[in-house]
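Two complexes follow with chain A in common, the first pairing it with chain B and the second with chain C.
And then the complex of A and B:
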C-alpha cells in the first residue's frame, strides 16, 4: 500500500506556477557528483569519470541558477584538499620537503586543470557576470593561502631555499631542477609572492654573505686576484638567475654583489700597495685592467675613480718625462719617449678600457697638460720630424711613414704654442730643402696636408710656397743653361734657388765675397733672371748654399769635397796661397766671424775631414791661427762630405731670438683677433675680450692676457677702440 | 592506422557523427572538445571506435561541426539563431560563431544585416558600438544595452536623469554621462556592468576638496585607462574632468579658460599620438564654435580655432569635427555635408572647405539631422539625413553611400567590433551594417 501511494504522488499533476523552482535536492545531488569527481581527481582516480557527464552537470547547475552553490562548493572542497596536501608536505622529513612540495604542486596543477575543464561553462558565464575569481586563479590563490602561507611551511620553505643557495655558493652541488620548479611555482603564484616570500630575503642574505666575503678577500688578496674573485661571484649569480630564478632578479642580485664587492672597496682596490691600478698600468696588465674596467663600470662613480687615478699617474710620469734633463739632451729620443708613452696608453685603452671615449679624453688632456710644461716641446717635435724626414724614413714603407706622421700630428695637436712649432718647422724644412736632404717629397707633402687640415690654409701657405720655389728654381736653371750653354763653357756649374722673401726663414745676412769665377757666373745669372722677371730684386744668401769641389792633395789623392758656400770660399783661397792667417781669410771672404769660426773649425779640426791644417793645433779657432792645405789628408772615400759644426739644437741666444720673433708675430694676430671681435660686438668688457681672443687663437697658441691688454692699449692709441666714458672696463669699437 | 586514430565518433542526442581530432582541434583548448581530448581525461587512448555521448541537440551540433570544419557559418532558415548561440556557448565556441558571422570591417563592402526596433519612449540621443560587436542606445534617461547577438540586457540609468553620452570601456563596462538634478547629487557620471546593468561606481567632481554635483556631457577614453568628460557645475566646475577608469577616482581637471567653452563641449576625442584631447563645442549649443586641443601635462591649449568674430553663414557653420592624427588635421562638416579641413601642425587659421557638389541643398527632409563624423582605419564616415557617406584617400573622395529608406534621418551612428550602428530619429529603430565574409573563391 505504501508503495502504491508513492506511485500515485509521482503522477500527480501540479498546478501551474509562475516561477519554476528546480528542486534544491537536485542541486545537492548534482553537487555531490561533482564534489566526488573533484575528490577522485585529487586522488589520481579520474579514469572512471565521464567528462561529458560532469561537464553537463556543471552546466546544468549554472543554467538552473545554482552557480553560487557550485562556486562556493568548489572553494570549500578545494580548500579541504589543499589542507590535506599541506599536512603531507609538513610531514616530509628534511630533504624530502621540497620534493614533496613540488610533487603536490604538480598534482594540484593537474587537478586544477581538470576541474577547470569540468567547470568551463561556469568559468565562461557565471564568473565574469558575478565578478568572481576565475577557477584557475582561484586554485592558485587557495594553494598560496593554504599551502605556501601555512605557518609550518612558509618559513621552512624560505629557509630551505636560502640554505640551498648558500650551499651552492660554498661549492656544493644542489638539485637545480627542483629549485627551478619551486621558484617557478612562487612566480606562478604572482610576482608579489615571489618577491615577498623569497626575493626580498634572498637579497638580504646575499648582501650579508658578500659583505663578509669581500672583507675576507680584501685582507688577503692582491687587487688582481680580488677582481678575479669578484668577477667569478658576479658571473655565478647571473648564472644562478638564468638557471632557476626570475630573470627580473638579475639586476637586483648583481646590484647587491656590485655594491658589496666593488663599490664598498673601490678606493682600497685602486690604491692597493704593489698591485693597485698604477701597478697594473705600469706593467701593462691588460687582462686585470679590463676586468677592473668591466667591474667598476657597473657601480656608480666606478669609472671616474679609475680615470682619475690614471690621469694623475699619467700627468705625474709625463711631467717627469718632459722635465728629465737627460732626455732633453736628445730631442729625437725625447719625442720618441712621448710617442711610446702614447702608444702604451692607447693600447691599454683599446685592450682594457673598450676604447672608452672618456678615457681617451682623459689621455688627451693629460698629454696636453704635460707636453706644454716644457716650452721646448714644439722645437723638439719639429726636430723629430726633421730627423725622420732626413734619414729616418729610408727603406720604410709608405704606410709606415703615414703612421709615424700621424703620430707626430697627434703630438702636435696637444701643443698650445702651435705657432712656435711652425717657426721651427719652417727653419728645419728650409734646411732640408736647400741642402737637398729630404728623403721623400711625398712624405714632406703628406705632412703639410695634415698640418693644413689641422690648422687651415693660412698655417701652411708659406710652407707650400717653399715647395713652389724649389720647383720654379729648377725650371729657371734649365732656362738659364739653355740660354747660356755656349757662353759658359767649362766654368763651374751654378745652381741657384730663388727664394721668395717672406716664405722662407731668412736671416739678414751679409753676402760674403765669392771667388772671382763664381761671382762672374752669379752676375750672369742675375742679368738673365732680371731680364726675364722685371721689377724683382735678388740678394745672395751665401750662408745657406753648398758647393762640390774637386781637390788634389799632396801625393796626388783626388777627392770631391762637399762643403758649404762659406767653406768653398775659404778653400778657394788656397788655390793661390799656401798659408793664410785667420785675419787674412776673414778679410778676403768677409764671412761673419761666428760663421767663419765654425767653418774653419769643421775644415781643420774634425778628424778624418781635416782638409786644412792649423797652427797651432787645437780644438778651437783663435784669431792668431794660421792655416795650410793638409797635404797628408787621406780618406777611404772619394767623396768627402764636410759638415759644418752646428749645434743641432738651438743655442741659448738663438732660442731667445726665435722666441722673440714668435712673440713679434703674435702681436698682429692678437690685434687682428681683437678687431674682428670688437667689429661684431661693438661694445665689450675687458674680461670678455680676453676670453674671446684666447678662444679664437687657441688653435695656434695660448695668448698671454698681459699681451692682449697691451695690444688693446695699442689699438686705443691708434683710435681703433676707445674706453667707455662712464664704465672704464668697457671698450667701444670705433668704425 | 593513422587515419583510424584520427577518427572520432560522437553520439549527439542519439545521432552519430564521425569527425576527426584535427577538426575538433580547431575549437581550441578552451572548449568542451579541447578539454575532452586533453590527455588528463584519458579519453582518446585506444578506444577510437567507441562513441562519445553528448546529451545535446544534434541539428545544431551539425551546424557547429560544419563551422569547425570549414570556418564558415551556415544556419538553415528554419533554425533559430538564438538556439545556435546557446549551443555554441555550451560547447565553448561562441567566439568562433561570432567571428564567422561577419567579416573584417570595410566601409565600402557594408551590407545591412538587421534592423532592431527599440523600446524607448523618446528620441534617441546616442548610439555607441561596443568593442565586441554589441551596442548601447541612449534614449532620454535610459540606456539600452545589446550584446553582439543583439540580445537585450537590463537597461541602465543614472538616477533617471537625462543621458548625454555613453561609451564602452571594455566589453563588460559602460560609462554614461547625465544631467544633474540640483540639490540631490543625482546625475553626473557612472560606470555600469554591460551584462547585468548593475552600477559599479559613480564618478565625482571635487572642487577645493568639496564634492560638487555636475552635468556630464561628452565622453572620451584613452588607452592608458583615463576617462575624460566635459563638466558643467553650478559655480566653478566648468571644464574637462579626468578620471581613472580602474579606480573611478578623479585625477585631473582642466578648468575652462575665460572666453572659451569647454564645460558644455559636444565632442571629446583623445589623440594618443599627440597626448592631447580634442574638445569641440558647436552650434547650436553655443552661438559660436570652439575647437581646441588640450594638453593636460601643462594645462595648455597648443592648438585652437573658433569662429568668434567671423561672418557666419550656414555654409561656414561647423556641425561636427574630428581630428585625424595620421594626416595631422581636423576635419569639420557643415550642414550641407561639405567637408572642411584644418592643419593641426600650424596655429589655426581658417577652414579649407572642399568643393563637393551640394546634392543635399534644397531638398531637406521635414526633420533634418545634422551631419556627424566618424573615422575608422583610414575611412572617414559622415552621416547626413538618411544616409552615411564613406570617404577615403588623400583627397577624401566619396567611395560609398549607405542608405535605407525606413526610419527617417540618422541622428547618430557609431563603428566598433567590425560593425556600424546607425540610429534613426523618426522611427525608434537602429540598423546594423556588417561586412560579409569574403567570397568563396
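And then the complex of A and C:
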C-alpha cells in the first residue's frame, strides 16, 4: 500500500448490488413467471404454486420500476382469460347459460382474490401513486367489459333474467338461488350496472306486464276480487325483492304495481256497478273495504278518492233519510235511523279504515250537513229523548242508559239550531215532569249534566229550576195537608205543582170554571200558599192539569177515568144534568172553543174512550150538538186513560209559533253579542263584525248575516253604535 | 256683489229684518207660526211645500218645522243679505246654487230629515213623508233612483218608518251606485238592510 497515493474519501456504504439489477431480460422473465401463474390459477391449478415466490417476483418488478409492465401485463392476461370464459358461457345451451355464467363468476372471483394477494405490493404502492385502478376493482371491470357486456352475453343475460321472472309471475317455480347469485353479481359490479343492465328493463317490462294484466282483470273481475289480486301481486313483488333483488328496488317495483294496478283504475274500481265502494259500504264488507283502504293509501289521491265517494254517498243517503215522508211520520223511528246510520259508519271506519281521523271528520261533516237539512231535526231529537225517558229506558242498565244518552248528545252536537232543540226539550221535559211520567230521575239529571258540559250553565239553569219546583211542590203539598187535615177529610185529593214562571215554557194563562168542589179546594190552597209566601202571584194553569174521576155508568159499570182538567170540568157538569148542548157546556166551563172542541172530541168520538154520547154522531163538533153520558160505555180496563198530556210532534200552526218564538229569542242574543264585541273592540268593520258575531253564537244557532245587519241598524238607531263619518263600513261603539 | 255694510247701514238692515219678522209673527208667542209662514210664502210667491222654503229653513237653521224664531230669522236673512221680500226673492236662486254644491248638500240633506222630526223623542219618519221628502230634496238630481226607491218603499212591508241612518244611506246610494244597472253594489258592504232588499227587488224587476 502506497500511503502517499491515498486520497481522503468519505465513508460510504455502497448499495448491495443484486447481480440481476440491470438485466432488461429480467423483467420479461419475471413477468413470464407471473403470467404463467395467473393462467394456472384460472385453470384451477393453483395448488402447485408458491405464494411467497410469486409475491417476491411481483414485489421485485415494482421495486425495480417495472410496475407499468406488471400492470399492463395483468390487464392483458386477465382480459384474455375472461374472453375465453365468455366463449364458454356463450356456448352454453338453454338453462345452462345462467349456471355457467354463475360458475365462471365464482371462478373469476376466486382467481381474482389470489391474484390480488400476489400483487398486493403493487396494489399498495404503484397503483395509488400512478392513479391506476386497484386490482380487485380492475378484475370486476374487466369481467363487466369482457363478459357481461360482451355482445353475445349482454342481451341474452337480460332476456334470461326477465324470462325467469315472467315465468315465476305466471306461477312456475324457478331457481331463486341462482337468480340471487346472478343479481348479486350485477350489484357487485356497481349500482349503475345493476340499474342499466337489469333494473331499468325489469321495471319497464313489469309495468307492461301489470298494465296488461290489470286491464284483463278489470274487465272480468268485480271490485273485491280485483283488489284481492292486486294485493297478491303487490305482496309477490315485495317477496321477490327480498329473495333475490336489491332491496333498493322494492320501492321502485311497488310503485310500478301501485301505478298500473291501482292508480290507473282507481276511479273505475271505486265506481264499479254492483261491487264498487258504495256497494261495499252498503253491505258492510269490512274486509274488502279494509283492503281497498290499504291499497289506495299507497297511491296519490287514493284515500281522498275513497273519502269523497263515501262522503257524497253518505250525504245522499242522509238527505233521503231526512226528507223521507214515511220516516218523518214517526220522530222516534227517524232518530233511531240516524243513530243506526252513525253506528254503521263508526264500525266501518273502525274495522276497515283503521280509525283514520280524516274519515271520521268526513263522517261528522256529512252528518252535520244532512241533519240540518230538515228544520225539524231538533224537535225530533227531543221527541226521541222524550220517548226514551218516558218509557224506552225502562229496565235498561245504567251503563246502557249512559250509552244511549251519549249517542243523543252526539246527534245534538251536529245541530246548528241548538236553541230550537232547547225550546222543545224544555216543553217535553215540562210535560214529563207534570205527568209524573219519567222512567228515571237519574237519567234525566244525567242528560242535563251532559247538556251543561256541552253548552254551559245558562243552557241548563232553567231546566234545573223545573226539577227544583217539582221537589218544592211536594213539600208544599205535605205542608198544606198537614195544616188542613181536619177540614179536608171529605174533599177530593188535590195535588198542586207550583211552577216558577221563567223556568217553565211560557204558556198563555187560561182559566176556566172549575166545578164547585174543586174551586173551593183551590182557593184554600191559594190562601195557604200566599200565607207562607208573600209578594207572589199564583195563576191556575187549567190547560195543563189532570184529574182522576170515579164514575158509575148506566148498568152499574164502575171505572176510574184519568182525564185532563178540561175534560173533568165537562164531565162534572153531567152530575147535575142529563143532556147538555155545546153552547151550554161552553158557557158553563168557559173553556176556549178550540180546546173545548178537542176536549169533547176525545170524550165522545174516540172508540173505547167514548164516555159521552153525541147527537148527531158525526166526527166533528158542531155548535148545535148535544151531549149525553154514554150509559152503555164499556171497557175491559177499570182505569181508562182519556187525557193526553204526552209530548207529540207539533201541528203546523204550533210549529210556526215555536219557530217565531225562537226567532224572537234570537234577536236579543244577537244584539248582546254585537254589544259585547263592539265594547271590547271599539271600532270594527262590517265583515269582521258579522264574522265575530256568527262565531260567538255558533254554539247556539247559525246567525243569519241579514238578521245581524238589522240588529246593528237597530243598535245605531238606539245610539249604541254609530257609523264612522268617512268610512261607512266602520262601526264605532258609543260609550 | 259684495257689500260691506258700514256700522250704520248694518244696524239699519237689522232693523228692517226685525220689522219684517214681526210683520209675520204671532204677537202672543213671538214666533212666526204656520199661519205666518203661509202668508210669508204667498208674499214670496213660493209655495210652502217648495224645496226653497226648506232651503231657507236650513239657512236659518230653524229647529222646529212650521215655526221661525227671531234668532233663526235674523240668522237666515242676514246671511242672505236680504231685508225685504224683494231682496229675499232675488236671493233664492243663489241659495239654491249654494245648497246644491256637493260640500253643502249633505248637510242640507241631513237637516231635511231632522227638520221633519216633530215630536220630542222622535227618531224616525213614516214612509209616506219620507217619500215626499226624498222627491223634494233628491228628485231633481236623481230622478230615476228616487222614482224606484219611492215605489219600493211604498210596497215593502219590512219597515213602517225610516231612521236617520237609513236616510243617509239613500243619499250615499244615489251618489255612489251606478243606476239602473247597480253593477257596483256590494252586498257585503255595510249598506242598510233596506237597501239590500231594494237592490234585490230592482234586480227581480229587471229579470
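Assume the second predicted complex is superposed on the first by the 536 of 735 C-alpha atoms of A that agree within 3 Å, B and C clash if a C-alpha of one lies under 4 Å from a C-alpha of the other, contacts with A are read in each partner's own complex, and residues count from 1 in each chain.
Everything below uses one rule, namely that a residue touches a chain if its C-beta (ideal position, glycine included) is under 8 Å from a C-beta of that chain, and two chains touch if they have at least 3 such contacts.
It should be emphasised that the depicted structure is a prediction, and the values quoted were computed from it without experimental measurement.
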Please indicate which partner A:713 is in contact with in the superposed arrangement: first for chain B, second for chain C, both, or neither. second
When the two structures are overlaid on chain A, which partner does A:47 contact: first (chain B), second (chain C), both, or neither? first
After the superposition on A, what does A:535 contact: first (chain B), second (chain C), both or neither? neither
Partner chain(s) touched by A:125 [first = chain B, second = chain C, both, neither]: first
For A:94, is the partner it touches chain B (first), chain C (second), both, or none of the two (neither)? neither
Give one of first, second, both or neither to describe whether A:59 is in contact with chain B, with chain C, with both, or with none. first
For A:729, decide between first (touching chain B), second (touching chain C), both and neither. second
Where does A:110 make contact in the superposed view: on chain B (first), on chain C (second), on both, or on neither? first
In the superposed model, does chain B or chain C contact more residues of chain A? B
Residues of chain A touching chain C in their complex? 685-687, 706, 709-710, 712-713, 716-717, 723, 728-729, 731
For the complex, give me every residue of chain B touching chain A. 30-32, 35-36, 38, 40-43, 52-55, 89-90, 92, 172, 193, 195-196
Report the residues of chain A in contact with chain B in the complex, numbered from low to high. 46-47, 51-52, 55-56, 59, 110, 113-114, 117-118, 120-121, 124-125, 128-129
Residue numbers on chain C that touch chain A, as the complex places them: 123-124, 163-166, 172, 188-190, 192-193, 196
